[in-house]
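Worksheet: the structure to be examined is printed underneath.
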Amino acid sequence: MPIVMVNIKEGRTVEQKRAMVTGMTKVVSETMDVPQSAVRIIINEMKGENFAIAGTLVCDAPAK
Amino acid sequence: MPIVMVNIKEGRTVEQKRAMVTGMTKVVSETMDVPQSAVRIIINEMKGENFAIAGTLVCDAPAK
Amino acid sequence: MPIVMVNIKEGRTVEQKRAMVTGMTKVVSETMDVPQSAVRIIINEMKGENFAIAGTLVCDAPAK
Amino acid sequence: MPIVMVNIKEGRTVEQKRAMVTGMTKVVSETMDVPQSAVRIIINEMKGENFAIAGTLVCDAPAK
Amino acid sequence: MPIVMVNIKEGRTVEQKRAMVTGMTKVVSETMDVPQSAVRIIINEMKGENFAIAGTLVCDAPAK
Amino acid sequence: MPIVMVNIKEGRTVEQKRAMVTGMTKVVSETMDVPQSAVRIIINEMKGENFAIAGTLVCDAPAK
């Protein structure tokens, strides 16, 4: 039943996504007391120009 | 008024999308008792590596 | 696989919702060529003060 | 940066939610290589009459 | 055309919501070059136990 | 705290997006009485074939 949508900045590898959905499904299954088979996860990848923090587009933020 | 967001795996044709939004708008209009002109539908297409069922990315699932 | 989120104004009956999800699932199944068992639908009910059209809250709009 | 929305059936305790967001934040932080402080999680609770699987409202599904 | 969903903590007055949708519609209309009549805004109100920052539910965070 | 998702048709410039998130963050901050630093905005760009009004895909609508 649980349906999760994760908004992340684009650029992650498939391996990172694989590890995230595996770990996230386990957490949701254990804490919400549902079988892992019931869990769905949607990943939404955001370009730097499509995400803003404190009024500034991420693509405009100074590099860390 | 009704606003619908449909998450589907990428790869459908424009014809399939056309048929879906036509049929979906009709159903929503009739069951929610609103004119078709009030219905908005957003389609979100997901890559295989951006959708997981039961902890497995769709791109990793064995071909059917 | 298809996951649908429907935003509607609150106040519909369970019968209306039942008819909507039945019809919507059929349309999605037929047009997206997936079994009905793969379709998930989430209904989000909105209070009149939580939905605005053209800058006006629905609860403030003149009665039709 | 990561923003997560989790759709679950209503009825979970605050303790369950607490455990879920703690575990989920840890997974996202580790796999997406971001500090936990960057992670936001929104929980959307669904009534049985507002969620459908395979065309059937959860409130209509036979009790397990 | 633009459809906006705003997730906020519950507890705001209708007056605050009114001011927000008025101002937001104006900004979207002017910057996206669309008439205000095309803008739709959905407000999603979150309970303190349904929103987490850095792994902590807002209802558990120390009062400011 | 406020998290905003804006669905717009693709094709806008980064300058338009910059102006939108700046103005929108200001409005949300002032009306919701939160610091601008708390506001997050996600922009979802829609292809003409992924958005329908009144049952018609935007890519099928007659040019204005």
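All chains are identified by letter, namely A, B, C, D, E and F, in their written order; residue positions are counted from 1 within each chain.
Operating definition for what follows: a contact is a pair of C-beta atoms (placed from the backbone, for glycine too) under 8 Å apart; a residue touches a chain by one contact, two chains touch by 3 or more.
Here is each chain with its UniProt name: A, B, C, D, E, F = Tautomerase.
Computed from a predicted structure; not experimentally measured.
A.B. asks: Would you kindly count the fewest steps from chain B (Tautomerase) to chain E (Tautomerase), each step being a jump to a chain that touches the current one?
C.D. replies: The distance in steps between these two chains is 1.
A.B. asks: Expressed in ° and rounded to a multiple of 5, what is the rotation angle of the C-alpha superposition of chain B (Tautomerase) on chain D (Tautomerase)?
C.D. replies: Angle of rotation between the two copies: 180 degrees.
A.B. asks: Based on CA centres, what chain would you say lies at the far end from chain A (Tautomerase)?
C.D. replies: So the chain farthest away from chain A (Tautomerase) turns out to be C.
A.B. asks: Would you kindly tell me how far, in whole Å, the mean C-alpha position of chain F (Tautomerase) lies from that of chain A (Tautomerase)?
C.D. replies: So the centre of chain A (Tautomerase) lies 20 Å away from the centre of chain F (Tautomerase).
A.B. asks: For chain A (Tautomerase) versus chain D (Tautomerase), what separation do you get between their C-alpha means, in angstrom?
C.D. replies: Their C-alpha centroids are separated by 13 Å.
A.B. asks: Of all residues in chain E (Tautomerase), which are in touch with two or more distinct other chains?
C.D. replies: Touching at least two other chains: 3, 7, 17, 40, 42, 44, 51, 53.
A.B. asks: Check the chains against each other and report every pair that touches.
C.D. replies: A-B, A-C, A-D, A-F, B-C, B-E, B-F, C-D, C-E, D-E, D-F, E-F
A.B. asks: Help me check something: in the complex, which residues belonging to chain F (Tautomerase) touch chain A (Tautomerase)?
C.D. replies: Residues 14, 17-18, 21-22, 25-26, 36-45.
A.B. asks: Please output the residues of chain A (Tautomerase) touching chain F (Tautomerase) within their complex, sorted ascending.
C.D. replies: Checking each residue of chain A (Tautomerase) against chain F (Tautomerase) gives 7, 44, 46, 49-57, 59-60.
A.B. asks: Residues of chain D (Tautomerase) touching chain F (Tautomerase) in their complex?
C.D. replies: By the definition above, chain D (Tautomerase) touches chain F (Tautomerase) via 3, 40, 42.
A.B. asks: Sort out for me which residues of chain E (Tautomerase) touch chain F (Tautomerase) in the complex.
C.D. replies: Answer in residue numbers: 1-9, 12, 16-17, 19-20, 23-24, 27-28, 30-33, 51, 53, 58.
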